[in-house]
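Below: a set of structures, written as structure tokens.
Okay, so chain A shows up in both of these, paired with chain B first and chain C after.
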Partner chain A sequence: MSRLFAPASGLCAIMLAATPFVIASAPYESTMGLVQKIFYYHVPSAWLMMLAALVSGTSSGFYLFNRKLSWDRIAVASAELMVLFGAIVLITGPLWGRKAWGVWWQWDARLTSSLTTWMIFCAYLIVRRFGGIGSEKLAAGLALFGLANVPFIYVSVNYWRTIHPTTNVVPTLPLSMGGPFWFCALTLLLLYILLMQLRIRLEDQRKQLDNLYLAVDR
Partner chain B sequence: MRSFFRVVWLVLRKDMTVEVRSFEIVSTTLFFAVSVVLFFAFALVKEGQPPGDAAAGILWIAIAFAGTLALGRTFEREGKSETLRALLLAPCDRPAIYVAKLLGMIGLLMAAELILVPLVALFFQAQLLDHPLWLGALLLSGTLGYAAVGTLFAAMLARARSRDVLLPILLYPITIPVIIAGVRGTATLLDPAGEMVMVRFWTMLLIAFDAVFVVLALWTFETLMTD
Partner chain C sequence: MGRWGGCAMMIQKTRFLIGILLLVFSFVFSPVVVWSQQPGEQVDEFVPISELPPEDQLPAAPLLVSAYACVVLALGIYVWSVGRRLSTVQQEIKRLELEIKRDVHN
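Up next, the complex of A and B:
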């Protein structure tokens, strides 16, 4: 673990604590008002959820073909964070949807594909936990297939009506909203990186402990 | 290449011989599929009238459920006297074993569909047989995609502890596109105002799914099945 970890986590804690004030300082959006402020958490979490799924899927692929345990550690750490950030997205989304659309849930392309991709990674964690011996490889196969599945899920659910705001909202944000938005995005990205490091280290230590047990048994 | 297809044929023939002598998987799967359709009939048919567009969904759910059951049973049989290990130890292309198992599964599911389609048409008063070619294309491409993913996961799970629970947990999230495309395509076929363009779109989506996942499965089967 790098020497930067302690100062970086301190910085991350301060930034996290500051986000509510930064968000409060942003102006109200003209039509949606207060509920729009949930975006400052919702959108960056959704980005990180996609990033985590991508990292987990590709490192699973690498693990399957070169069998280096370090890839597997990255995959499992990122899969857990995918489920974590996915949970944030799937909780904050309906809270906003209830106010903006009048319903908690819509069978919209983006919502449905997020939910199903999230379920694939939940299945990944379940397999790792309860699959018994050899479940790492099984889970890696699942993550790889899950990643290959994302475009299909997206296309197939896209043929339902899409009412979710599109991605071109973010680059056109005025500075008064863009500033807080990018601040939140940066904070959550830092949180993701730090949690990844912690989680990979935990996995490392578990492996070492297992090896020590085996050495004593022998 | 010839030896590849020879292995496929030999494994397939072995599975068929075992099956013909016991009829275990065929009879349990067919019976289960029919009971699923009956359950849906009891749950949805009100005062003798089936709901408007439920037939497509029920058909595909019955196929998916019956498929899960059959997939679990096929590899359980291979696990019993370690015959899966024997198969994998055989000096031949491992993907050939996968292809043989996949073809067996498709054959079984198509047999189930031969019973399910008329049954759903009968119980839910659906005009399923109006476009037999399109329906056949949807069913074949959907079954191939479902079985391609299912056979791989069932094979991997053959040695896992709680495989019966884990198979649907792995299989259902991955095969969501198959179910969506199959149900939407079939529903469009059943709809008198449905456009054939959309049926073609869903069939194409299923074929693309099949291509990607068969290639991925062939590519990863050897790695995933090695200890």
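Up next, the complex of A and C:
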């Protein structure tokens, strides 16, 4: 693991501890009020969910073409993080929607596509866990399906009629809201990078363990 | 006329039937379409939130706190889970390395 890991972890912990105060400093949104503050975690988590799906799908594609295990390790690490950030998105979203829309869930294009992509990556992890020998190739195929869904999730709010806010919200944020938002986004991005490193290290160690088992058997 | 004439009659009858069906459907469904395009009810009075029945008063704070609690819990559990898996694998590696060393000496 890189020498930067420990200082970066410390910085990330400080930033994570500061986020509630930064978010509290942001002004209330005019129509949604206090509940809109879920946005500061919900949207960066959604971005990281899509980023993790992109990384996992792309790495799976590379793994299928050149069979290098290093790509497979990146793919599985990112798939796990996709499920983690996806779970955060799918929990915080309905909590926001209940107050803002009056319903917990709406079967619109954005919500449904996010849920199906999340389920594809849950299936990826289940296949990896219980699929037996060769399951990593099957799982890589699943990740490619998940990757194909990502652009659809992003543009869905602009092409279909939905009550979900459009992609225009973030670029037009005033500085008082944009500052806390980008702070949270950076914090979670740093967390994603650190967790990826940690998770890839786990895969490396598992590979080392497999080699040791083979050495003991000989 | 013969066979082709009968066929033309059949097509004409089918077209007529389709026309009737379309007419019936448009009568049945047009009120639904018009109703669905109506704007929502107009507001003619303001009601303070405290006067709403308890089931309609939905405070935002518990939802916000629940959301942040879920985020912290999910991240905490994940970091703990990765740390636990990593330490288990590292212990197993150490055990096997010792075993291999012992086998080499013997």
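In the analysis below, the second predicted complex is superposed on the first by the 205 of 218 C-alpha atoms of A that agree within 3 Å, B and C clash if a C-alpha of one lies under 4 Å from a C-alpha of the other, contacts with A are read in each partner's own complex, and residues count from 1 in each chain.
Operating definition for what follows: contacts are C-beta pairs under 8 Å (C-beta built on N, C-alpha and C of every residue); 3 or more make two chains touch, one makes a residue touch a chain.
From a predicted model like this one, the values you see are computed outputs, not experimental measurements.
Student: Using the superposition on chain A described above, determine whether A:V216 touches chain B (first), chain C (second), both, or neither.
Tutor: Only chain C is touched by A:V216; chain B is not.
Student: Based on the superposed arrangement, let me know which partner A:S45 touches: chain B (first), chain C (second), both, or neither?
Tutor: So A:S45 only meets chain C here.
Student: Kindly classify A:Q208 by the partners it touches after superposition: chain B alone (first), chain C alone (second), both, or neither?
Tutor: In the superposed model, A:Q208 contacts chain C only, not chain B.
Student: Answer with first, second, both or neither: which of chain B and chain C does A:K99 touch in the superposed model?
Tutor: The answer is second: A:K99 touches chain C but not chain B.
Student: Touching chain B and also chain C: which chain A residues?
Tutor: Overlap of chain B and chain C footprints on chain A: empty.
Student: Touching chain B in the complex: which residues of chain A?
Tutor: 64-65, 116, 119-120, 123, 126-127, 130-135, 137-138, 141-142, 144-146, 148-149, 152-153, 155-157, 159
Student: Which chain B residues qualify as touching chain A in the complex?
Tutor: 149, 152-153, 156-157, 159-162, 165-166, 169-170, 173-174, 176-177, 180-181, 184, 201, 205, 208-209, 212-213, 216, 220, 223-224, 227
Student: Provide the residue numbers of chain C that touch chain A in the complex, in ascending order.
Tutor: So the residues of chain C touching chain A come out as 58, 60-61, 63-64, 66-68, 70-71, 74-75, 78-79, 82-83, 85-86, 89-90, 92-93, 96-97, 99-100, 103.
Student: Inside the complex, what are the residues of chain A that reach chain C?
Tutor: So the residues of chain A in touch with chain C come to 20, 33-35, 37-38, 41-42, 45, 84, 87-88, 91-92, 95-96, 98-99, 191, 195, 198-199, 201-202, 205-206, 208-209, 212-213, 215-216.
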